[in-house]
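I've put the structures underneath this note.
What follows is a pair of complexes built around subunit A, which joins subunit B in one and subunit C in the other.
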Partner chain A sequence: MPASAAWARPEELVESLSSLDNTARLKALRDVKNQIIGNKTKKLSYIKLGAVPRVVEILASDTEVPLLVQSAAAVGSFACGIEAGVKAVLDSGVLPHLLKMLSNGDNKVVEACARSLKMIFQSTLAPKSDMFQGHRMELIIELLNSENDSVAEVAASVLARCCETVDHQRALADAGGLQSLVGLLNGSLKTREAALDALAALTRGNKQLCSTLTCMDQGKSLAMIMKLVKDKSSRTRLLACTCLANIGKASPSSLHQEREIRAGMLSILVKLFDEPGQVGEEAPGVLADLVSNNEDLQKVAMDMNSIEKLAEFLRKDEISPKQLAGVLMALAELCSRFEDSRKQLLDLKVQAPIIAALEHDSVGVRAAACSCIKSLSRSVQNLRTGLTDELLVLPLLKLLSDSSSDIQALALSAVSNIVLDFKPHKAVVFRCGGVSQLIQLSQSMDPILRLNAVWALKNLLYMSDKTVKERVMGELTFNSLVDLIFDSEEKVREQAMALVRNLVYGDVDSVQLALVQDSVLLHAVEKQLHVSTQPEICIQGLYIVSNVAAGNEVHKEAVMDIVIPVTSVGVNRNTSLLMRYLQDMSNPQIRVVALWCVINLTFPNSPGVSSRISRLRDGGIEAQLQSMVDDPCLDVKDRAKTALEHFSAVEVHSR
Partner chain B sequence: MPGQALPPPCTFLNVGQAFTGTQNVSSGQKDEAWKVNVRLQGCDIQKGYLCGSMEALNVPSAETPVVTFWEGEIVDNKNYTFFTGQWDATRDTDVNHWDKFPSFAALKEDVKRDGGRSVDLANYPFMFMRWKEKFFVNVGTDCGLTIAGFYYVCFSRSNGSVNGFYYDPNSSPYQKLELMATNEGRSGYSFATYKFQ
Partner chain C sequence: MSSSKKVITKEEWEKKLADVKIRKEDMNKLVMNFLVTEGYVEAAEKFQMESGTQPDIDLGTITDRMAVRKAVQCGNVEDAIEKVNDLNPEILDTNPQLFFHLQQQRLIELIRSGSVEEALQFAQEELAPRGEENHAFLEELERTVALLAFEDTASCPVGELLDVSQRQKTASELNAAILTSQSHEKDPKLPSLLKMLIWAQNQLDEKASYPRINDLVNATLEDPVT
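This part shows the complex of A and B:
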């Protein structure tokens, strides 16, 4: 007799799930469960027939153990390997019931529910913040301490999946999660790995929790994780490395004395690259975290030839998005600081797959590809020898209108480097329409996008020719630039000032841009120089007036009126902007640039130099300069001497 | 080499700074000079790194101006020492070339003894560097000039002057490079800026 003949028609079976007869319900549950196991089509058709809510209802209201076990198992089956199934069980409100059942007195019920929860939490559809509502979190943490190993395991894997934000991390830690998870490190292999996974989620990017974990039990917990780095199981090794990478990233010195351990982790991770499945897939990303912001380890990784090994992945035809993102992130980190690494990667000729990754469907891959391009382009030589090719610039610029603002911000930072092609005409980025995009983004409501866009425009204007400056200002407009100079964000203000500095750098025509439209830019800069308390902004402001003072007589006089104005009572001794900045002992660079301003205002052989010098003298500047030749800063000393030479030259001349 | 302070910044080493001057070849057979323009394009004091372009004008053997891209090492006893350790330069080559700079005299004995590792270079009015041309920007390798060697460079913090001696075992010895920081004909110095993200 063929097996299918024993089963009722699907519609009838679904009906029987709500039968009043316990035996009939149990049979229907078993039948449905057996039919759908490993069969996507059957799962979908039973979902359509409305089986899931009925199954969940049994879990919610029945008390008999076999019914509970079978319904929990059926839920797990629906949720296994198919997103529509996960959605259906979640829509039926199964979660609180599964959680509640974890405290059931019967072990079989508990284990069946635990397995189903695990299935659900393997999916991206699994609720995350939902788990932090009401008392659910306390319940899960309680379950971490369960006598039943598989319950503890599932609780840890649920935590690993749903802990995504700093608030989650804090809530979990406050409820005692860290301690309980550490306790599980002595458990079975699966439990230990789930616990490590959760510890990794709890410590990711969280300085405070990293240090709590480091200090826990007088460092014994940390020592235990360090030991697991050498475990037999490759997944344990990977997860232990992940936790330690988080700790190292959050507080680079916490493991300082264990430099060898970290170098050892690097070599373990590089070996894990070749592992099949999830471990090999995740290892490059963990390496990226481990070497992040750590030049020392980046060097060690380079010596292990990891750039070449990582680049090998890029040549593969098939690579999962997760692995690809990890590989690109690792390369991005390894090339972020060292010119040698960049050269090595470029010599491996994997630009094409990196550029292709800019157009990948996965957000993670696109982000990592942007980071990789950003690192490679932190090099004058690379920018001069090919990284500014249209093949790269076009897909990168496309990402400026990506649907994810994180990608937009990353793409902008890569574009900031790319626009520095060290050619005065910036033809490629104009031809690709990049400049208009940058200008639009400089008006974004998102402060990060605004900052990065203004940064890119500043770099674009670096040593650019007249046409570039005119085209940028024609589209950006002077008024918008003034708005950016007074932006609500300090960092944006600084970049806007630096942009103006590049704008007015160079020949007289460039300097003149400060004075057009009733000197709207110069007035804005003057105001910042008066009100700003941020040294970075003041330095840029001083560079601007210094650049303007390198122009013609009109420009020099305009600067005089800002830095040492004449009032109705004459020149105010000791209270001018110039005096204030020359006397600023907080930052030698401020004094240096203020001195360049004096040097430019007193530049020999310009027609009005003697009248400017006498005004500066009246304002006490010469006396101030004399006191600066003993400045603790070498650069200040030298520039003060040059400025004083200008004063004495005119003195000799006028006699 | 821990404990060594990095040289403090100098405005003449700002990106975009131009230098202008000459290169001289004086040897038994010939006595030639040509005009040289240099522009600094990158400078990372932390890494002891700088780079830029070098343009040689009216070179007798070349038909057009020749532009090269170079990278520099700053001798800071942290990233780099007085000893080159590459490019066919022995310690003797190093000392003989550095010794051509009058400002090296005060350091010579220390350098001969231990490479000058204990010398406080951060507060020295001169900075010593090596500039190594990497590739031709606008011409092929058959342009009549070579980039096989490198320059020993002495940079004056106070006035932005650059003196250099070219070293290449296969070229005329001690070809001299003399440059001054220039404001490019403007009536003052101006300063551009960029920063990598």
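This part shows the complex of A and C:
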């Protein structure tokens, strides 16, 4: 009777795994397997005794079905629940043997090997990319169509785990994976859930596959997934929601007519928050995906009180990193557009745990916390009342040198928001060396980091005083700023121009900054105004010259030389920058800012105003202004009138 | 106050009930679901032959499941573990609570057979590490080991662990886990229908007086309280 038979000593048992006698080998194998299943301590001690290579050896060289089944089961158990076990079986080179056995003629062998693979692939150590070599993927996809339900289930869950990149998704779909997985949705509960899991992995962030799935079988597949949203099993509900959230996120219009369905999914997800285990853990993250970029759904979610429910999680002592990241992401999405949501969240007084999450060990949590702060800091009101704590700025600045560039970029966006229009934060950023970090990042090779860093510096300079401007420029240098004005990335160029605009805005000292170092900034701006074809960049350029034109006589004259230069043959009527932009019919804003420039240059009672006006007249500007009184844009009309008043004031004056 | 409640007589009630149609096939499926879930394999086979109702699971798997259950009910826990591991190694590998309860049952059986030394060694080697992983397990382990402190287990405060009911509890937990692993619901549907009936009656009690069913086994309609 096995129940009373005492097991042999572990060392002897391991020895017997390599016995030449088949019966002894099988017995040892079974004994080891039965000892390690469910028992981490035993797994570790058998790994130390070197049992794994011997078990794998049986799988590699034996042919008898019971031996193969038992060794595959033992491998699976070693790989279940402990990373050391996964490492041990992979180091023993088990993967090719397991894959080879999937084509074994015996169903039991195939099932046991497929289960082992599933265990291995639940670990992060699994060699996911290896599965896309040779014909391995085809082999697994073939198993999806297996008669044996549990083999199909295991195959689907392996696919769910190893599909991580767009290339993986494409390879899987090209091999026919999508169709086979959809076919499994009619299977047993576990098979269906594994198939949904794999479909979720296939559709994540993949527009093309989302639309393929949407259109498959005249929409019947999609309809089936929609039905599963109301399934009895909570895991099925969650996974079906995940698939549909992916589809909604990839192509917001594809589910447009099913607004009700999506609102229904929201209430299902909110209820799933309370489920124990994996389902409750993943539900907040799925909600985040679902409401992302969808204001309509964000409102529905708010009405369901989801912000309060999510905030509740932040008060818990113990929360898994995955769940925490999901909760923070969901809050970030819900607070991304609506002031009401932000206020509600701040009123719940969970700032401390959100800020603490900025320093979490998990990259996912840090990123989600950063997104949350970014959303919250979008409103000035909140910055004044709810997020004034210096404790926020320090961890955020720390993330500017995070090891993940995604997090650096997110942190930069959050910093951008908090330094805008809020003096105390600007001061803290200075005190903590944040400015140096921003300047360093503005020189990064990563275009996203460069862009976000310039953006943050631009916001920092917005309405800032002389000391802030001098310190930033002292460290950034005018030459680096000019480099940024001519950056290879269009977006960076635009932000660099906007930075200059904020820099030279304000008192005469600020305007003077455009003229230091032989007017290096002004010349760069002039060049952009000549060559750029991007309206956004031109608008920023015009704002800059307009700001400078608001300065003293020297400044105004410098602008005159740019916008309406005098050449050897006098003032050219048609080719001046000013004329070009006043006549630009592509964008009324361009004309408005160009008019501001005229207004600032012709401001009455300034000493040189009459000579400037006569030069502008010579350049045909007054005539142009008269034609603009009938402009289709009301703003343009009004400004043109103001400018013309300046012209006539001087006329009267000179008479 | 009771006068505000609507009174429905037995005749009216029965007439209404007669209007409700229930398909025979649905009834049969409910019966089959009960037999399969509870593991009455022979009855299920006969019922399939006589009524033509298809079971929602391969009847062969019931035999395996029942063998496992029976092993626990006989106190043969080690045998049950080996059998369930052959069925699907994932069940015990991914269900620490169930695994602990089986090991605990093994300890109980060792104590029952009087093998004190073996029991202590087993508790130390197999169960103590589980207790370190989980505080709730540790408490249960301490409770179980307390059995050893009493000569006469009848006077032991945790004596119920030695009852047959404890074996039943463990066997049911294992049975449920096997059913779940086979994508089958772990509970039969009939009890939930009865629960629903009781809930619906309780709701209705607040609004009306009607022929209530108090005796579920005979489903007798009582006279409405007036």
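FYI, the second predicted complex is superposed on the first by the 626 of 655 C-alpha atoms of A that agree within 3 Å, B and C clash if a C-alpha of one lies under 4 Å from a C-alpha of the other, contacts with A are read in each partner's own complex, and residues count from 1 in each chain.
We adopt the following convention: contacts are C-beta pairs under 8 Å (C-beta built on N, C-alpha and C of every residue); 3 or more make two chains touch, one makes a residue touch a chain.
In this text the structure is predicted, and so the values were computed from the model without any measurement.
Undergrad: In the superposed model on subunit A, is it clash or fit for subunit B and subunit C?
TA: When both complexes are placed onto subunit A, subunit B and subunit C end up side by side without any clash.
Undergrad: Kindly classify A:Ser77 by the partners it touches after superposition: subunit B alone (first), subunit C alone (second), both, or neither?
TA: In the superposition, A:Ser77 contacts subunit C only.
Undergrad: One more residue to check, A:Trp455. First (subunit B), second (subunit C), both or neither?
TA: The answer is first: A:Trp455 touches subunit B but not subunit C.
Undergrad: State whether subunit B or subunit C is in contact with more residues of subunit A in the superposed arrangement.
TA: If we count touched residues of subunit A for both partners, the winner is B.
Undergrad: Hey, in the superposed model, what angle do you get at subunit A between subunit B and subunit C, Cα centres, nearest 10 degrees?
TA: So the C-alpha centres give an angle of 110 degrees.
Undergrad: For A:Thr41 in the superposed arrangement: first (subunit B), second (subunit C), both or neither?
TA: In the superposed model, A:Thr41 contacts subunit C only, not subunit B.
Undergrad: Of the two partner chains, subunit B (first) and subunit C (second), which one does A:Val363 touch, if any: first, second, both, or neither?
TA: Neither subunit B nor subunit C is touched by A:Val363.
Undergrad: Quick check on the superposed pair: does A:Met304 touch subunit B, subunit C, both, or neither? Answer first, second, both or neither.
TA: neither
Undergrad: Please indicate which partner A:Arg30 is in contact with in the superposed arrangement: first for subunit B, second for subunit C, both, or neither.
TA: So A:Arg30 only meets subunit C here.
Undergrad: Can A:Thr191 be said to touch subunit B (first), subunit C (second), both, or neither?
TA: Second partner only, subunit C.
Undergrad: What is the minimum C-alpha distance, in Å, between subunit B and subunit C after the two complexes are superposed on chain A?
TA: 41
Undergrad: Across the two complexes, find the residues of subunit A that touch subunit B and also touch subunit C.
TA: none
Undergrad: Could you list, by residue number, the parts of subunit B that touch subunit A in their complex?
TA: By the definition above, subunit B touches subunit A via 8-11, 15-16, 41-42, 47, 49, 51, 53, 69, 71, 123, 125, 134-135, 137, 157-159, 183, 186-197.
Undergrad: Taking the complex as given, what residues does subunit C use to touch subunit A?
TA: 76-79, 81-82, 85, 88-90, 92-96, 99, 126, 129, 133, 181-184
Undergrad: Spell out the part of subunit A that touches subunit C in their complex, as residue ranges.
TA: Subunit A reaches subunit C through residues 1-3, 30, 33-34, 37-41, 73, 76-77, 80-81, 115, 119, 149-150, 188-191.
Undergrad: Under the stated contact criterion, what part of subunit A meets subunit B in this complex?
TA: 339, 374, 377-378, 380-381, 384-385, 413-414, 416-417, 420, 422, 452, 455, 458-459, 462-463, 498, 501-502, 504-508, 511, 540, 543, 546-547, 549-552, 556, 588-589, 592-593, 596, 599-601, 603, 605-606, 633-635, 638-639, 641-642
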